[in-house]
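In the two complexes below, chain A is the common chain; its partner is chain B in one and chain C in the other.
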Partner chain A sequence: MSKGKSRSWSQRDRSIPRRPLLWLAAALLFTLPPMFASLATWIPCFFLATLAIKFWMEPKGYRLRLAPLKLILAAMALVVIFFSYGSLKGVEPGVSLLVVLMSLKILEAHTSREFQVIVTMGWVLCLCGFFLSQDFAIALCLLVAFTLQIAALVQFHRGSSPGAFWPPLGAACKLLAQAFPLVVLLFFLCPRISTGFRFDFRDALSAASGFSDRLSPGSIASLASSSDIAFRAEFPDSKTRPPGPMYWRGVVMWRCEGMEWRAPYTPASLAHSSSVGASSARRTEFARALPIQSRGGKAIRQRIALAPHGAHWMFALDRPFEAAPGATLANGNYLWSVQPIRKPRRYEIVSSLESTGKELQPRERKAALELPNSISPAVRELAESWTAQNSDPHVIVNNALQFFRTHGFRYSLSPGEYKKNDLDQFLFQRRVGFCEHYAASFATLMRLAGIPARVVAGYLGGEYNDLGRFFLVRQADTHAWCEVWLPDSGWTRVDPTSIVAPGRASLDLNSFLDRRIASGEMETRRSAFVTQLTRLAIFTNIRLAWETLNYQWDTRVLGFDADVQEALLGAAGIASSGPFFTIAEILIVVTALLIFYACWMQLRTRSRTDRVKGLYERFCRKLTRLGVRRDPWDGPSDFSSRAAQLLPNESKRIREISNTYITLRYSPESGTIAHDTFAKQVSAFAAHSC
Partner chain B sequence: MTDHVDAFTKQICEIIVGKNQAVKLAVACLLARGHLLIEDIPGVGKTTLCQTLARSLALAFQRIQFTSDLLPADILGNSIFDQIKQHFVFHRGPLFSQVVLIDEVNRATAKTQSALLESMEEHHISIDGVTYELPEPFFVIATQNPQHQVGTFPLPESQLDRFLMRIELGVPDRASERAMLLGMDRREMLKELKPVFSPRTLLEIQDNVRKVHASAALLDYLQDLLDASRQRHSTGLSPRAGLALLHASQAWALMNGRDMVLPEDIQAVGVAVMAHRLGHDIEQPGQSGRALADNLLHSVPVP
Partner chain C sequence: MKERKFVYPTISFAGLLFVLAAMWYAASSQNSPAVYLLLFTLMAVFLVSIPHTLTNLAGVTIALQSAKPAFAGEEVSLPVEVMNESRATRHGIDLALSSSGRERKRVDYIPSGKAARVTLQFPGGQRGEHRIGALCLTSAYPLGFIRFLKKFAVSQTYLVYPKPAGDLQLPSSRARSADVRPQADFGEGDDFAGVRAYVPGESQRHIDWKAVARGQPLMTKQFAAEAEGAVYLDFSALDFSDVEKSLSQLALWVIQAERARRPYGLRLPGAEIPATVGQSHFHQCLRALSLFQSIQSDEEEHE
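Now for the complex of A and B:
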């Protein structure tokens, strides 16, 4: 018996109790999702494996003991991480290294001190999770992880004694709830400093995000299954979605290479004086340059939250007529960000749904008619057959559309591969394509027919969220269409895809495909069950609510950057002149708040008796002035007798005051006498005698 | 309630002349359910005080003279084989009484002292595996000779702590002594003494003592005293001493007709309660416990 007891005593510092370990493991599981999303898969797997092994090792008393073995494992981890990423620099390798080293630490840990080290590292892991992703879902996950880690610590300090399982979690939640006001305060006040060091978070992502300056066959079709968010847009001026198809203009491509089109690497700016910040000057210039407003065209204001993509594209409804801050309006009326967009960006933009009636400059006309030499004679012949019939551009455009309509062209996500010179193969043989094939071939044909034409790439449609009143545009909605120059209406949008696939223009791609699948026109992409399930109304509603939440998270929480903060603080009267002044000001404010809080707590804890004591001390000071000094150890009753004896004239008052004091301070009925009575007695005593 | 106690005190003071303060302390000790230690030279009226207390309350009284050859069985009782009934019969010792006077407690050996002090604390006696409850109220008054006298076994600190108070009677002043010399024989007076109230009333009063209100401010003062003693002396006051101080001052407050304890009450009983608990400070060998306690009371401020 005694042996068992001493063993359990010595074990207290030899092993980590099971329950805190369970809580901690649960917490660490919740730090995994961002890792699975962004790190090499073996790293979170390794982490999971270590946790499992730890649970097997702990009861047996096994642990990682040998120092050389630890060193070898750490070195191996370094090497493997280097080969996984090709570098040790950057966020992902850094976080990976931390995760692997933490896994080893978990295997090694066996004392209570080391347990606390693991918990601390767990908090660092939570932080790293935010480096990897700032999604709302991830934030929720990490919040759960954070709570569970506090629960682990609480459980740890309560000891391993069995008891109810849930109180530590309750305590953790309570702690977090108490910290919440401070979190809110820090959220608003903690300075967002974006200068100094910078992580290139999105370098790896820019390749994955769909858009590029080159429209080659298959480049858009490859995005059709991507559910990544491109941007979200809301219309602050209207409560409903604007009517008609939503063409989101991204980039205009001028250079034709048959089936492949290209945008200029750095676009020529439409307004030569356009620079960041000079928006009012630009506005008047555009008002002159674009007669659209004078014609009473319908302007639509949009607020767009763009996901980072690493390139310069910015999107707006077809077509924007002034540049957003930090962007220029490029030749072809599309937005071009001066800096690559590496972090989420929000901007407001006004678009007009009507085309411009601007004159075509000779230089532009030349660029819009340029053709490669590699066009085959058959294609040239086709175009020339239309010009021979009628030279009116409208008729030519209609003829071309008629051609696509009547010659058995099919719309398909998997049209097979085309080379950039395969124009005649597409037009005359296979006749299967996605939007980029139609846009590219149509524009090329137009140029062949002598009509200035260009290809516009952007997004079509998007899903309107009734709950949050915003459009969610995904990479899958990437689209390409044409613009032709017609003498009476200027650049006019022609979407040949809508001829081949009517209905696409009014829906986002997924809904369109779902509808086609439902009507049997296309092969299914998903299992029937999943399709059925996703079509249920309740799931749609949940999804819409979730997307709204995400949008609010992105715009309200993540979007609270230095600029918004500065505006807010400015509105609150805290003017800022540089980040360091802001820090200083915020420090002063926070210190003042803390002092205020401390004073308040002090005041609250000061009990009623302290006032009584203060009054009594005042009474004693008055008596001292009269020549009767109270020693600190004198009791009130003794002192009053002594004072009454020494000051016979005042004896009645002295006894009265002392009795009141004794009642207030020592009696069980202290509540029956008002403090004010006592205060009055003491004051009256002073007035009378001094 | 206070009238009862007043009458009781007055009756004792008629017999023990000129020792009002000591008598009041002794009564407070009784009311606070504590045991009393009287330290003084022989012949100053210790035994008379005890007898007066016992008779005024109509309580059973026993006196035990401690000597160096006294054994625990002599005071607790022992089992004797009954020839007729053929089994052991427990014969209760003199401790089975309500007021017990232990004369010269420091003359007995440590073994007997321990037996006595255990029963004082526990209010029961265990012999041969049988536990015998002591009667209620149970009040022990022990007397001891000053330590320097020959043939004494000083009580260890742990056992001194069991006594709520230690008082000294001292020789009476000249006038009181004259009154005593002129007056009736004390033994005669004792025989004529009538009980002031019943044991049941005593128990009620003892219950009421615990109900006397001690406010937060007063407890602050009490704890300040305890803290100060612990900081200044190597053997500070124990938590039991703190309780003793509280109960004694509650009794004192009740005797003075109050329903609340004042710092003055603590100061009044302070020396009697604290002196024997502080008297063993090895760092201040010259100081008597009385002086140390007095010092505490005159330096810790009343909050």
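Now for the complex of A and C:
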């Protein structure tokens, strides 16, 4: 009869049992990935070592006891952290300190209460993980860690119950599953009451990622191997990929220095140099852009989720109509964020695929024709040879493109370094280059030929994800192209790279390179096996699905901040009555749900004998109404005979019910009679007699 | 058995609150949806664990068996059967004597329809009859942040016999001449004369350990030395000023006489137990000693 072991409490309290400690260690391991990515390497290593030492110490009963030793270790950690980061301020040193102190606490802990403390601290580590990174992969890691921590707690309270793996894990998952509706409810509806004091942890980001405001030989090629995400864009109005090449405009460079091009430091500075108010210049271009939208068909609405890059660039498909909130539309129709972008940012923008504007202001024309003095005579001669043939700008542009097509120019990721006289070297000697070489040289040649020209830097293409219906644009897709002013069509895009490397425009860089490698045009960058493997359909699908999940996480979850919530709730008319009223409503719903859970669990685990007993009590109550009271000392059998005597009309039924009850309650063959039959008998009894 | 139910947070709950507060502060000051998600998940898991804790003791009841009497200064053992009448296995149940009692026993699990036998051990206190008062079943399963308590009012009592102490020699044998064997050898003669049941409180030196190893109950080996007649242990014949000392002396004699299988009787003021021998007589005598003039002290102890 007696199952299960019992132990005295004090014995149990003296050490942390092994099984929950294992669960906890597994959980804490999953908090490490964000740490390895962001913290000094010794810190997660120290943490791992602590866990290992704890497992060695625990069965032997060792622990960190001496208070001075603890203090010395903590002070040493503080010093080492200071030397690792050069300061104690900021997220990384703070999290490091927390991790080290937690490691010491793990070495020190030895009672069951302290186990609970460590698990609670583990949740703080999850919090720290989110300070360091909020990637979807990290979030998944932390979710696993979180679940395992619950499993550790459950295992801790289960003690020596059979089953050390699935039962605690199952219990943890069950808790999470039941908590899920609450999480959704709280996440969407709970008012995010602001403390009024906002600070930003992630401002250590330098402007290093992504491109800069200057275009020089090699500046874009250096990004070609970066698979970092620049931004993701979806098109809410169309269900398919928009046709044609996708040129994502980032910045327009006006200042020519031969092979080097620069953007104005801030967009306003160009406006100053042309002595026109910055805003009015922008407005005029914007005003001219508007009619195109009404023509319909050519305007494309995009929703862009921009990864933080620390600079002011914001991207949109060629020629955005109007500035996004918090940004201005700079001269050259590109977006310029007022604040540096240090957080993921989402914005909606409408772009035109056609050229805008039919007039070129004299100041703009002047700026678009300015040339440095360092241009060599040979280059001037080349440009003049085109103007001498024909003065029509279209013909000149075609001649220039023809020059690139026919003179053996090659497209290469690693064109080598150009030093002095780079323009001459590129045009007449080596003739190997990446997109920035072609864009810069072409635009310079155009200016030499008297055609206003500018260089646009941004991204080309990107990978379209059919599953999530969005474009994923990586740093590797950085591109530079030209725009020339043609009297009949305004600023017209000319991409000299597409002459040299046909096909690049319709593909993202990596697929383009892969194709070239496959056709033997380029030396492989990766081993053939890896290339083959990554091209398998199943891997592509898995990758697309993963990227879609990432995108959903970034936009749906990470994008749902206080402002978005406020807008959404305001639109739905939920939050209209003030945050405290909303909290009260949420509390009511939560309590109702908890009561429902409690009742459900109680009903599900209520014993069968209880039900039989309850039914019999109901039967007795009915008999009481008929005048026969059962005394506490009446056995069911005696009571039934007495009741049958007093109520001769019902005697058969009373005997029947009593016998069923006795069988169900006391007979070993109780399983043979269904409880429902008994329930029916009892209900039928009242219906007949009353 | 009347039962009352309580829910209260454990000390770890303070830690949880602190972490939740830290998360909330971080989330609101950073306006970070990810941190909010973590906060709400932790909060929701905690909230959902409450009904789990509340139902973990549903259908769990206790049945007390009678506590074995103990001598003062020894620990009382109270066997309790914890029964699980529900259809689910119950985990992590603590049984304690009272809500704040340190005498806690942990039952890790009880399968559905089964019972676990737990023996609560606690210091018996002074001689006399004590009420158990209340027994508590508590459980913090699954997460340990709140504890559910089921308190059973118990009317059962247990006896604490006076602590045996004083002179080993029985009064009658002391009156005899000095050439008789010393009292220390009493009942421990050379000739093995069989075994009898072990009497709690007596020396373990003569337990028949071999028989114990064969799975038999504790028996004391007997050696032939029993020839004397009945002895009357008389309270009024003792000249101790302290009642407790007298009772201790009488208790020791009762044990000695019972061990020697020598018929003994007990004379207390206002009560007399005729001389005989045997387990029930033995306990009757000790019970009389334990309850002697002890009504008022018993009341004081159990306020």
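Worth pointing out:
In this text, the second predicted complex is superposed on the first by the 489 of 690 C-alpha atoms of A that agree within 3 Å, B and C clash if a C-alpha of one lies under 4 Å from a C-alpha of the other, contacts with A are read in each partner's own complex, and residues count from 1 in each chain.
Following the convention adopted for this analysis, contacts are C-beta pairs under 8 Å (C-beta built on N, C-alpha and C of every residue); 3 or more make two chains touch, one makes a residue touch a chain.
All figures in this text were calculated on a predicted structure; none of them were measured in a lab.
Judged by the touch definition given at the top, the superposed model places A:667 against chain B, while chain C stays out of reach. Judged by the touch definition given at the top, the superposed model places A:226 against neither chain B nor chain C. In the superposition on chain A, no contact is made by A:425 with either chain B or chain C.
When the shared chain is aligned, chain B comes close enough to touch A:613, but chain C does not.
Residue contacts after overlaying the shared chain place A:489 against neither chain B nor chain C. Annotation for chain A, partner touching more residues between chain B and chain C: C.
Looking at the shared chain after the overlay, A:412 reaches neither chain B nor chain C. Shared-chain residue A:636: touches chain B; no touch with chain C.
Once the two complexes are laid over each other on the shared chain, residue contacts for A:550 go to neither chain B nor chain C.
In the superposition on chain A, the residues of chain A contacting both chain B and chain C are 607, 609. The touching residues of chain A, counted against chain B in their complex, run 607, 609, 613, 631-638, 662, 665-668, 670.
The part of chain C that touches chain A in the complex is made up of residues 11-12, 15-16, 18-19, 22-23, 25-38, 40-45, 47-52, 54-55, 58-59, 81, 85-89, 91-92, 94-95, 102, 104-119, 121, 140-144. If you check the complex, the residues on chain B that touch chain A are 213, 215-218, 259-264, 267, 297-303.
On the side of chain A, the complex with chain C involves touching residues 1-10, 12, 113, 116-117, 120-121, 123-124, 126-127, 130-131, 134, 139, 142, 146, 150, 153-154, 156-162, 171, 175-176, 178-180, 182-183, 186-187, 190, 192-195, 197-201, 557-563, 590, 594-595, 597-598, 601-602, 604-610.
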